[in-house]
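Below are structures written as structure tokens.
Okay, so chain A shows up in both of these, paired with chain B first and chain C after.
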Partner chain A sequence: MYDFMFVIFATFALVGGLLMVFHPSIVHSAFALVASLFGVAGLYWTLGADFLGVTQVVLYVSGVTVLLLFAVMLSDKTLGAVSILRCAAMGLVIGPLAMALMVTYRAIDGMVGTEGAALPDPAPTTPAIGDLLLQPEGYLVPFEVASVLLLIVLVGAVTLARPMADRQVSRKTIADRADAEARGDEGASAPQGEGA
Partner chain B sequence: MVSPQDAVVVGSGFAGSLSSYLVVSGGLFLLGVTCVLVRRNALYVLMGVELILNSANLNFVAFARFGGYGMDGQMVALFVVILAAAEAAVALAIIMRVFNEFGSVDVTRTDSLRD
Partner chain C sequence: MLLDFHVVLVFLITGTLMVCTPLLLGALFRPKNRYPEKDMAYECGMDPEGEAQVRFDMRFYTTALIFIVFEAEIVLMFPWARVYASHPLKGLALVAGLIFGTIVFFGLVFDWAKGDLTWVKTFHHKRRVQG
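Now for the complex of A and B:
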């Protein structure tokens, strides 16, 4: 049963990732990323991490991807296709990286060596996660720091995403006012266009 | 906790074993690195980073389950998901500002500091 689920979700994750990287249209790529992230959530479920899988669906598959699609709509779509030359050049980077990954995985697999070992049947993890998040000897401090971080990110993202026009206008009016004051009192109240 | 008597065997073959999860995670990681390096659109770069974070998360959860480390792996993965959401929000705000300033989200054209 777990094997079957694993194959399905791993296919989702990997095929979604492949489509995401190599599809020329960015909207299709974003939806392929949804499939890939959903596959990863399913892999969490097969690993017995039910709460984490649901968090993945709620945060990634809905939240982050909707945000991404908004950004896609607001930006240009002209930078489509992947150039073959860049792909070939990056193969020189990716190939050795893949080799290193495989060697590392072989080594780790030899160290842990739990293939086919008897594992406890996955139990619901939500109560345990709640306990750990609220225990001082558990993850209470990172939990609080994460909430402060999310507040900072909220304010920072709004500040960053505000159109530059607002700030330029206000900066310009400040500069105009300073100019008018430097020139004297006669043009201070009049608009810049009439004064010139 | 669950006693060893009612333990079940997970993954008799390759599918569902630890190395199969590692292979999937490695594949996702390589796809993410490819996306970050090959694409010029900043949004693709961001998506590639999300894929890389997910592959690392998968490693955490898989090792925690097969290595018998309890809940710690899942907690780390949970915090990574939180940080990834925050990172995506800030990165998208930056990308929108880059689009306003440069009229494009091409990462090779944002070179004002080069001079």
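Now for the complex of A and C:
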């Protein structure tokens, strides 16, 4: 059963990935990426990592793809097609490199003689993760720090996504205000109209 | 564990079938006579003007970014919610969850106050800065 599901999910991941790389339309590529990421989520499930699999679906299959499609809609359509030949050439370089890396790893692994961990019992992992997140001696602090990270992302990403003109206006505003304060004259920084 | 995902698989297959079956039936039974007018974009009977592939507003992207961050928050809150009811230190669990949610919520408040969530941009916040 597990082997059968592995073949199904691995096919999803591989065919989706190939379609994504070789399809000329970038929107179709994005949807092929959905299939590929879903296949990877399925691989997580077959490995017994159910929480990771669901995270993959929630964050990557839905979230990142939405962002990707928005990026396509926002970009200039006159950007031109990506040269498949160039991609293939890059693949020809990166593929053997990755292969060499794996072979090296196997060789080192064989020399050291470690054995990989056995697959865990197929049991839901979410409660265990929740327990660890709420233990003061466990991951309680990292859990809370993660929220600060999310806060930084929320503020930073939106600030970066703000149109450049807006950011320049506000920077200019701040500079003007600093100038006015340096001169000790609040009235000097007269409103500059609605700006744009 | 795959065991528990049978339900998901059934949903997936049923959903796929519900989309594909009408399309397939339509392809089998509908008459096929194409002419150029049929391939035009439909705009309430008017002839469409301009290009269909226009550049979208940047604010869609901002909204999507905020959506992703809160999605990540939900992913992290899910294990918390899963063990909350049976947790021995319920007070600690509640405070931990509240702090987590509040900190991320501050980000939303920041974006809101900065005017990134307003669709029609007013420049109130800028005027306030200029004093």
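The definition used in the following text is that the second predicted complex is superposed on the first by the 128 of 196 C-alpha atoms of A that agree within 3 Å, B and C clash if a C-alpha of one lies under 4 Å from a C-alpha of the other, contacts with A are read in each partner's own complex, and residues count from 1 in each chain.
Here is the rule we go by: a residue touches a chain if its C-beta (ideal position, glycine included) is under 8 Å from a C-beta of that chain, and two chains touch if they have at least 3 such contacts.
Just so it is clear, the model here is predicted, and its values are computed rather than measured.
**Student:** Should A:13 be classified as contacting the first partner (chain B), the second (chain C), both, or neither?
**Tutor:** Once the two structures are laid over each other on A, A:13 reaches chain B alone.
**Student:** Report for A:33: first if it touches chain B alone, second if chain C alone, otherwise both or neither.
**Tutor:** The first partner, chain B, only.
**Student:** Give one of first, second, both or neither to describe whether A:63 is in contact with chain B, with chain C, with both, or with none.
**Tutor:** both
**Student:** Give one of first, second, both or neither to describe whether A:99 is in contact with chain B, with chain C, with both, or with none.
**Tutor:** The answer is neither, since A:99 touches no partner chain.
**Student:** Taking the superposition as given, does A:90 touch the first partner, chain B, the second, chain C, both, or neither?
**Tutor:** first
**Student:** Once chain A of both complexes is superposed, is A:157 in touch with chain B (first), chain C (second), both, or neither?
**Tutor:** Touch status of A:157: both partners.
**Student:** So which one touches more of the residues on chain A, chain B or chain C?
**Tutor:** On the superposition, B touches more of the residues of chain A.
**Student:** Would you sort A:44 into first (chain B), second (chain C), both or neither based on which partner it touches?
**Tutor:** The first partner, chain B, only.
**Student:** Just checking: does A:55 make contact with chain B only, chain C only, both, or neither of them? Give me first, second, both or neither.
**Tutor:** Touch partners of A:55: chain B and chain C.
**Student:** Where on chain A do chain B and chain C both make contact?
**Tutor:** Residues 2, 46, 48, 51, 55, 59, 63-64, 67, 70-71, 74-76, 123, 129, 133, 146, 150, 153-154, 157-158, 161, 163, which sit in both footprints.
**Student:** Which of the residues in chain C end up touching chain A in this complex?
**Tutor:** For chain C paired with chain A, touching residues are 1-5, 53, 55-56, 58, 60-62, 64-69, 71-76, 78-84, 87, 89, 92-93, 96, 99-101, 103-104, 106-108, 110-111, 114, 116, 123, 126-127, 129-131.
**Student:** Considering only the defined contacts, which chain A positions touch chain B in the complex?
**Tutor:** 2-4, 6-7, 10, 13-14, 17-18, 20-21, 26, 29-30, 33, 36-37, 40, 43-44, 46-49, 51-52, 55-56, 59-60, 63-64, 67-68, 70-72, 74-76, 79, 82, 86-87, 90, 93-94, 97-98, 101-102, 105, 108-109, 112, 114-121, 123, 125, 128-129, 132-133, 139, 142, 146, 149-150, 153-154, 156-158, 160-161, 163-164
**Student:** Show which residues of chain A lie in contact with chain C when the two form their complex.
**Tutor:** Against chain C, the touching part of chain A is residues 1-2, 5, 45-46, 48, 50-51, 54-55, 58-59, 62-64, 66-67, 70-71, 73-77, 122-124, 126-127, 129-131, 133-134, 136, 140, 143-144, 146-148, 150-151, 153-155, 157-159, 161-163, 169-170, 173-174, 176-177, 186, 189, 191-192, 194-195.
**Student:** Can you name the residues of chain B that touch chain A in the complex?
**Tutor:** 1-2, 4, 6-13, 15-24, 26-35, 37-41, 43-44, 46-48, 50-51, 54, 57-58, 61-63, 65-68, 71, 74-75, 77-79, 81-86, 88-90, 92-97, 99-101, 104-106
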